[in-house]
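The next part holds the structures, each set out as structure tokens.
The following pair of complexes shares a single chain, chain A, combined with chain B in the former and chain C in the latter.
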Partner chain A sequence: MSLQGQQSIGTKTPLIPIRKVLPWLIACGFLLLLPQVFPSGAGLTIMNQMAITIVFALAYNMLLGQAGMLSFGHAVYMGLGGFFCMHLLNQVEYNQLYLPLPLLPLFGGLFGLIFAFLIGSFSTRRAGTVFAMISLGVGELIAACSIIIVVFFGGEEGVSGDRTMGPQVFGFDFASQLEVYYLTAIWLVLAALGMYLFSRTPMGRIANAVRDNEERAEFLGYSQRNVRWISFCASGFFCGIAGALFAINFEILTEENLNLATSGSILLITFLGGVGFFVGPVIGAVVFTLLQTVLSLYTEIWQLYLGILFVLTVMFFPSGLTGLIAMHFRPWNLSKVGLLIRPYAKIAGPALVLLFSAIAIMEILFHARHSSIGSEEMNLFGMTINSHSPVPLIIAVGLLLISFFVVRKLAPGLLDAWQDANHQERET
Partner chain B sequence: MSLFIVNILDGLVTGLLLFMLCSGLTLIFSMMGVLNFAHASFYMLGAYFGYQISTYVGFWPGLILAPIIVGVIGAAIERYGLRRVHQYGHVPELIFTFGLALLIEEVVQFFWGKSQMAFEAPAALKFAAFSIAGNAFPAYKVFMIFIAIGVFLVLLYILTKTRIGMIIQAALSYPETVQNLGHNVPLIFMGVFGVGTAMAAIAGVIAGPVLGTFPGMAVLLGSIVFVTIVIGGLGSLWGALLASLLIGWLQTFAAAYNLRMADLLTAIGLTEPADLAQSLLSDLWTLTLPQVGPILPYLLMIIVLALRPQGLFGKRET
Partner chain C sequence: MENNQPTPAIELRNLHKSFGLAQIIQGVDLAIHKQERHAIIGPNGAGKSTLFNLITGKYVPTAGGVFLHGENVSGMKPYQINRMGLSRSFQITNIFAKMTVFENIRCGLLWSMGYKYSFWHLVNRQRNVTDRAEEILQQINLLERRDELAGVLTYAEQRALEIGIAIAGGADIVMLDEPTAGMSASETSYMVDLIRKVTEDKTLIIVEHDMGVVFDLADRISVLVYGEIIATDEPQNVRESAAVQEAYLGTAVEEAG
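For the complex of A and B:
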């Protein structure tokens, strides 16, 4: 046994294994190519928003996923970083402060760090519920202050500025969306890499230990409180970077950047993506931004769908979307994914009918209750139907019941196939 | 002086209303160790159900029926939702109730829309109970005080004097032992959750006509409720009562007295700068007490946590 241990210490793994670098290179290439695929202004705006959300969600997951701290007021650190950067931009414009725009996120991050240091000094004393409640209180306090302290927060209209007034960097003045996209993308990669490397340091590992068993970590000689405090500060730093990127992109910050709704949505994004994985928040941010843009085009009650999706995720898939994908790695490694194709194909049809009939019921009910008087026609999946007559509703409910029954009937088969696919035969 | 008494009474109404929410929340917290983020949402559901029932059969049946319906919904959510999430730990539980709060707000908007409902106090209570130096005090507020105190006394009686209350108290501290003695602890949890949400719903029905019945009412009160129980000490019923009253009075008095910061600063010998609009300290000079009112509970929470981390009456360090 001991010999084996020595051997494994002796065989040196390369410092940077190619398997670990490859995803980053692919991501960088992807970010470079995206503007060629979606060159329109709207496309660039959505991509910028996505990048900012990714940085914010990754920073949030440094707390929730890696240190096990649930914050209900995390928009504050991003928002304050953003407000601070907005003031810096105004200083550049009016008081000839020399500050090249690409360096701005660094200052946003520093401000986020300072603020997280101050708040963390008393909020990180305990984890779990108490930390969550204090973060909520602090978040609400700052959000309420933003209306009172007009000098810094600009009252109800917020603070706005102009990013193009600084010194030019290599001939760029960052007036076009494309230049801002590349600036955001570079900072996205830098921040993501920074957060990834942080999670690999001994500090990041100890944060995991404190998350899993704080008492035991304490007995090993690590102050659980300091570990949480440092995690909190690091998270605040990257939130500040996200805030600065927001300031650069939108050139305005308001009370909305600080309030509970923003803090809540970042929790939703991170959890939907999957808190247990580094890429979870990335996937969450991309999917959420797309859902938000696409769903809100088609339906007024997209937030209801999102709420249902969130609650169902917490109940049935606590490891999120990424967890759902990662579940299939084991069958894949055992090369048994083939076993799953047939049951998946069998259940897909009824499941889709179930989904769409549920959507149909909600859309019909919503239209029937809230349409203006006289307009009884509504458009549902390309069909024009009368929402006030009972026939479409009865058909939808019927379809829902039938498909639910079929799914219930097929579920045990899928479960058996899943067990088979995950089961490794003993080698003879 | 008369204004002072009116404010004392108004603050009492707000405080007791807060307490009706806080007591249920505290009970659920000390039993299951989970803070129900959606508690204020059940309060909102109570107000909406109360309104809907009052449009058919009047206010009084609504006061009885709405809490029962909400209590059943709450118990069902505990049975089929929370109990499932419980196995993953406390943080997912908190996230679940947070998602529930979002969902309930959306569901309310789905059925009732975004505008305020015309939920009116019953005609029988639309008179001035008494007046203090010309300030009429509505009978409805007296009624609110009595309902809140009544609910509290019933709760206290059940918890301390009845057999079922003893079992609940025992299940709070030693759930396994109580289970081994043959009591159905999961059923007790479900019942407590149902009763807690029903109490929130009673608060909703009686507050709906006064504070307005609209989709934002849960968020408006929700974070104050959490601040209150953190100040009072998590899990302490008496602490929750004291903190509720404290915050009720704090908010009422802050809204009623228009103290200006400028007066205060001049009183201690500072002179107001001439170019106030340009000065960085302009906000400090133009600050008034009603403006600061909304942030006072949060400030109080931070002060309490800094000086006494376990809250006013808490036993455990928070």
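For the complex of A and C:
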């Protein structure tokens, strides 16, 4: 998975350039080995969830990043794909429908595609705000339907099923988490590869063109509306695959899979990772899932941290976490990363103190306000402290101020080093 | 005089366009022959660009019609008209600033080379597209800038790219809106040669303020003043026409001097 969002290739490309294939091979090897490192049930569940979120986020970025379309209701296509797959699984269980489980995501994709085709037929007529508003409206509409149309969506309980009732494939019945992990991982690679290749087709390139300058694209023979519609259908297809993988993993779909909160978080994930890069959504999904699953074990206010992270990213790094990494390519190519090590090391300590003291303040305040009466003790970074006494709070605020001051003192030095590291001498 | 001619490449019949109360194009009749190089001149605000926008489908005429190879195209979308073999450049540079120079040209090629909405070809693998794009880059003198982002090119280079995108698709009617505006004398003369070369055997419609360019390139000239064509004739006759002198050339000469 190349970090470059777009690039053009020299005229003489070998049939399969190793430089392009290598990242994919590494990713595959990584996916193969992961269960050895995290063999626990919880670990597998987190990894599966991560894989599903990656597919969903990549599909979302086909719209947001590649085609410049901001959708506020994209959970619909993943959710509907998932609901249909859940019903298919029930058909397999009760009506002897012959459908091997590994093929289910294909059907999920088809359902996502069909709905994207139908809804896209009117929502993609216009770009920008009009498209965003229609997507929001449709998202709300389908989420409301999911509570009203009980036959299909199962009301509040949702629809559940059993993935193990289908025909066995090579002796696997997919009862174990590990088998599901590998099934999910294979579909992750297939879907990611599909989306990557799509971005390299004439259609993918023209989607970029319409994103950047829809007027000019029209004068080159392309209907901007059709380009958006096709992008939307492609995105819907891959969202449906994510929905099917969700159905396989969790064996239940509810209103939550369709609602606006889910639509909002996929936007957040994609943006956090970086919309301008193919791997952006991958990084966003990994970070988000880790925060959601691991951080939530340690703190109740993880969503607050996520929100702060999101706001900081939008404000300071609009090209996302991937953009932050990609910023370092230029110093790297100039062999000047070395210049950055010292200033980074210098600022790292104070920055960490700043971070942790800010966390401490929020945790103490939260505990003081929300703990049950009488329980004044809380655990903070391994220390037991009294959240109701002012001392810890005063210390935390003090540390925050001091470290903030030090970081501000060091920042200009870092900035200078950054300029140096990006500066190319004109001597040859 | 048009009666026993073959169908004109473009024919405007009693064309009108108003924006609200402002009547910008007020009854234009014009036939442009196949393989003719036709210049449209006129003072600022005369409606030249508006005329371009009407012919290329960006605007819908208020009244009257635009006929392309005899077919009424008024009300059609720009992409439909483009697919019938008409392409244009813009007065205000209108490129894909965030794409490379090469990709800009390639975008101009894809539809006409039959790739359409294909998502089953890898675009980098299509040697014919790459070769053709590089040929065009060579022609417009931008091959060295191939992998640069279009947005960082100099003004003159962007103007060349603008024309490169327009001619890439190989349309048989090419419309250029002030291709040499803002260029130095040497850039202008290069551009004129380029335009002559790439529009060989094609129909060219050009809006231009530089009279040197106009008289150099055009087979015929139309003079547009306040949304009306006051003369269409061969360069020699236009130059000598008193009405044109008064309406336009006099001021242009003054401006130039």
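Heads up, the rule we're going with is that the second predicted complex is superposed on the first by the 416 of 428 C-alpha atoms of A that agree within 3 Å, B and C clash if a C-alpha of one lies under 4 Å from a C-alpha of the other, contacts with A are read in each partner's own complex, and residues count from 1 in each chain.
Please note the rule applied: a residue touches a chain if its C-beta (ideal position, glycine included) is under 8 Å from a C-beta of that chain, and two chains touch if they have at least 3 such contacts.
In this text, all values refer to a predicted model and were calculated from it rather than measured experimentally.
Placing chain B and chain C on a common chain A by superposition gives a fit, with no clash between them.
In the overlay built on the shared chain, the residue A:267 is in contact with chain B alone; chain C does not reach it.
Applying the stated contact rule after C-alpha superposition, one finds that A:405 touches neither chain B nor chain C. Once the two complexes are laid over each other on the shared chain, residue contacts for A:206 go to chain C alone; chain B is not touched. If you stand at the C-alpha centre of chain A, chain B and chain C are 80 degrees apart, rounded to the nearest 10. Contact with chain C, but none with chain B, is seen for A:226 once the two complexes are overlaid on the shared chain.
Once the two complexes are overlaid on the shared chain, A:24 sits clear of chain B and of chain C alike. In the superposed model, A:315 lies in contact with chain B only, and not with chain C. Contacts of A:381 after superposition: neither chain B nor chain C is touched.
Measuring only between alpha carbons, the smallest separation of chain B from chain C in this overlay is 13 Å. Counting contacts by the rule stated earlier, no residue of chain A appears in both its interface with chain B and its interface with chain C.
Contact residues on chain A toward chain C in their complex (touch as defined above): 6, 8-9, 11, 13, 197-198, 200-206, 208-209, 212-213, 215-224, 226-227, 230, 234.
Put simply, chain C touches chain A in their complex at residues 56, 58, 77-79, 82-83, 87-88, 90, 94-100, 102-103, 106-108, 110-112, 115-125, 130-131, 134, 146-147, 165, 169. Per the touch definition, chain A reaches chain B in the complex via residues 64, 68, 70, 72, 122, 125-126, 128-130, 132-134, 136-138, 140-141, 144-145, 148-151, 260, 264, 267-268, 271, 301, 303-304, 307-308, 310-311, 314-315, 318, 362, 365-366, 369-370.
Taken together, the chain B residues at the contact with chain A in this complex read 29, 33-35, 81, 84-85, 88, 90-92, 94-96, 98-100, 102-103, 105-107, 109-111, 113, 219, 223, 226-227, 230, 234, 280, 282-283, 287, 291-292, 294-295, 298-299, 301-302, 305-306, 309, 317-318.
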